[in-house]
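The same chain A turns up in both complexes below, where it pairs with chain B and then with chain C.
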Partner chain A sequence: MSPGGMAVAQAVSSRLATAIDRALADCGQAIGQFVGLATAMRTREVLLEAVLRVPAHYGDLDVTGAAAYVGMTGDVSGHCLLFMSETTAKALVRVAEETLGPLDETLADSLLHEFGNIAVSAFMNGLASAGGWRILPTPPELAWTVRGAALQSLLGAMAVETDLALVVAAEWVLGGRDLDCGVLVLPDARGLSVMLGA
Partner chain B sequence: MAKVLVADDAAFMRLRLRTILQQAGHEVVEAATGSEAVDKFASEGPNVVFLDITMPEMDGMEALSAIKRSDPAARVVMCTALGQQNIILQAVKDGALDFIVKPFDQARVLAALSRAVS
Partner chain C sequence: MIAHSEGASIELQAGLGEMVHAGHGRLSIHGLGSCIALSFWCREPRVGLLCHIVLPASAAGLHGGEPARFADLAVPGALHVLRRQYGIPPSRVSVKMTGGATLFGGTVGALAIGPRNVDAVNDALRAVGLASLAADTGGRLGRSVLLDVATGDLHVRRFGAEVVVL
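The block that comes next holds the complex of A and B.
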């Protein structure tokens, strides 16, 4: 837990943490099937945190990479951001090229776009199933940016809606290698209320 | 051999599906949006449609309804990363013949196509 971070109340956290564990495990499995390599994704921390302190949980903010944003609608509304460093993104493209041949820039971006879609959708499917909610993603948007900018753009919008954010930080191992890739789940005030009230 | 319309906004997924289907000897027509899928269904007359759900402009569920309105016998396989049961049930209720959840492999795609054309 980060300094100043507030742990999710125990009565809520065990159920919510179980739902998030399951969602991340499903996400890891889907990614593994997509890239054809053994993949594991595990929860590193789940916290309720002040919106302004969220970036402190996501490592080096100056890292360049691909940010896949998906909005959540349905019972649990809000935002989901998957950020992978440029090194991680290039590793994924290389894996795909082994079976499909060389990919031009458009197809490589599309691969990362779909990777974000599949990873985030698998996470939402797992979360919906574990929590008994209906969660629908909006079409994913992919942008090349730095991690800090991707977070700030999302958190700026969040700060208007709520003071607190649900931080879900994950460890991700692909083909035996630790990858620099994180999932940020930010339910809005209504979505957070639904998740914590379950 | 079947003529298959693949509708997905992700060029990479269209490439992946096209590769699988063409290697198995099928003809492939592509659409990048739901509205393009509806147009191509009318103009190309495919045997089967593989339709992604999450697409901009017109999503796959809307496209499914439009295609089924124009041809109630249309054979549509929904192809999406959304595996939530309520979404699958809704698609089947709206006339989808089958549902495959991404990420998919060659065997699952060809099995879905085989079921759809049989």
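The block that comes next holds the complex of A and C.
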């Protein structure tokens, strides 16, 4: 945690944290069903942070990998990003190849796109259900890039209208192994207000 | 925050909205998407300055405490630092830039900030009588950037493509 991060106020954090816990659990369950392995996603930290300081919470910004992006509209509007390192992405493809057989690059990309779609959609559905909000996802997008570029592209959009972001950092265990995969939820100013007022 | 150092081998990183400068060593930005890396370099005295610009224009209601958050403030801010701290006038600096990609959301809408950032930086440079000597901007690529203060070379590592030196 960066020194500048402040914990979400206690009065609202327990409800919000519960909603996020449930959303991550749903996300982990959906991933587990997709890959056919025991999977768990747990909250590592939830806090409010200055938008421009968010990257400090996400480790090495030069790590390459796959970024799955879904925009949020409805009661809670904003952005949702799932980033998995290249190592994690390759591990997922290997797991899939055990049942599907060898996958070429196009099929592997398609698999990761579907994986990102399932994971982010499950997270958002879980969040909407737990928080009692109506959240409508935009069509998912997948980009191969570096972690810092994916984060920064969304934070730049956020910084147009707000100085504060909600940081959700998660731990992901797949088949007993810790994987480098993070979820970033960036409600815009209106969405953040709705979530904190929960 | 403005950081600077005189160490020969040091690498200073510019976070979002930050400006770093030094007389030696390397200046870097790790993970550049829609943002702009804007470098200023002077051969004599040897000084490099790197801005990590996030948005095109300053806006009311945002504190904007970071010196390079907005293109329209970052360019005059950088020139002010070069003149005040190193005695370097704008006529002696060479300027290069990279970044301005669009990773998500197509070419319009809230996420299409990259091209607007590129235009805003060019406008801000033009307003002070400068132009970018070299640029590698746009596309859907993430980039990481390193400015070698000794040479003024701007090394741009582009994910999924070759490294370019501006």
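A few comments on the model shown:
To be clear about the criterion, the second predicted complex is superposed on the first by the 197 of 198 C-alpha atoms of A that agree within 3 Å, B and C clash if a C-alpha of one lies under 4 Å from a C-alpha of the other, contacts with A are read in each partner's own complex, and residues count from 1 in each chain.
Basically, contacts are C-beta pairs under 8 Å (C-beta built on N, C-alpha and C of every residue); 3 or more make two chains touch, one makes a residue touch a chain.
Please read these numbers as outputs of a predicted model, since none were measured by experiment.
When both complexes are superposed on chain A, chain B and chain C sit side by side without a clash.
After superposing the two complexes on chain A, the angle subtended at the C-alpha centre of chain A by the centres of chain B and chain C comes to 120 degrees, rounded to the nearest 10.
When the shared chain is aligned, chain B comes close enough to touch A:Ala30, but chain C does not.
When the two structures are aligned on the shared chain, A:Arg147 is found in touch with chain C, with no touch to chain B. By the touch criterion defined above, A:Gly59 lies against neither chain B nor chain C after alignment on the C-alpha atoms of chain A. In the superposition on chain A, A:Gly71 makes contact with chain C only, while chain B stays out of contact range. Looking at the shared chain after the overlay, A:Ser110 reaches chain B, while chain C stays out of its contact range. Minimum Cα separation between chain B and chain C in the superposed model: 12 Å. Across the complex, chain A meets chain C through its residues 51-53, 55-56, 60-62, 64, 67, 69, 71, 141, 143-157, 159-163.
Across the interface of their complex, chain A is touched by residues 15-17, 30-35, 54-55, 59, 62-63, 66, 69, 101-105, 110-111, 113-114, 117, 140-144, 159-160 of chain C.
Residues 9-13, 15-16, 19, 54-56, 59, 80-87, 102-103, 105 of chain B are the ones touching chain A in the complex.
In the complex of the two chains, the chain A residues touching chain B come out as 30, 33-34, 96, 100, 103, 106-107, 110-111, 113-114, 117-118, 121-122, 124-125, 128-129, 134-140.
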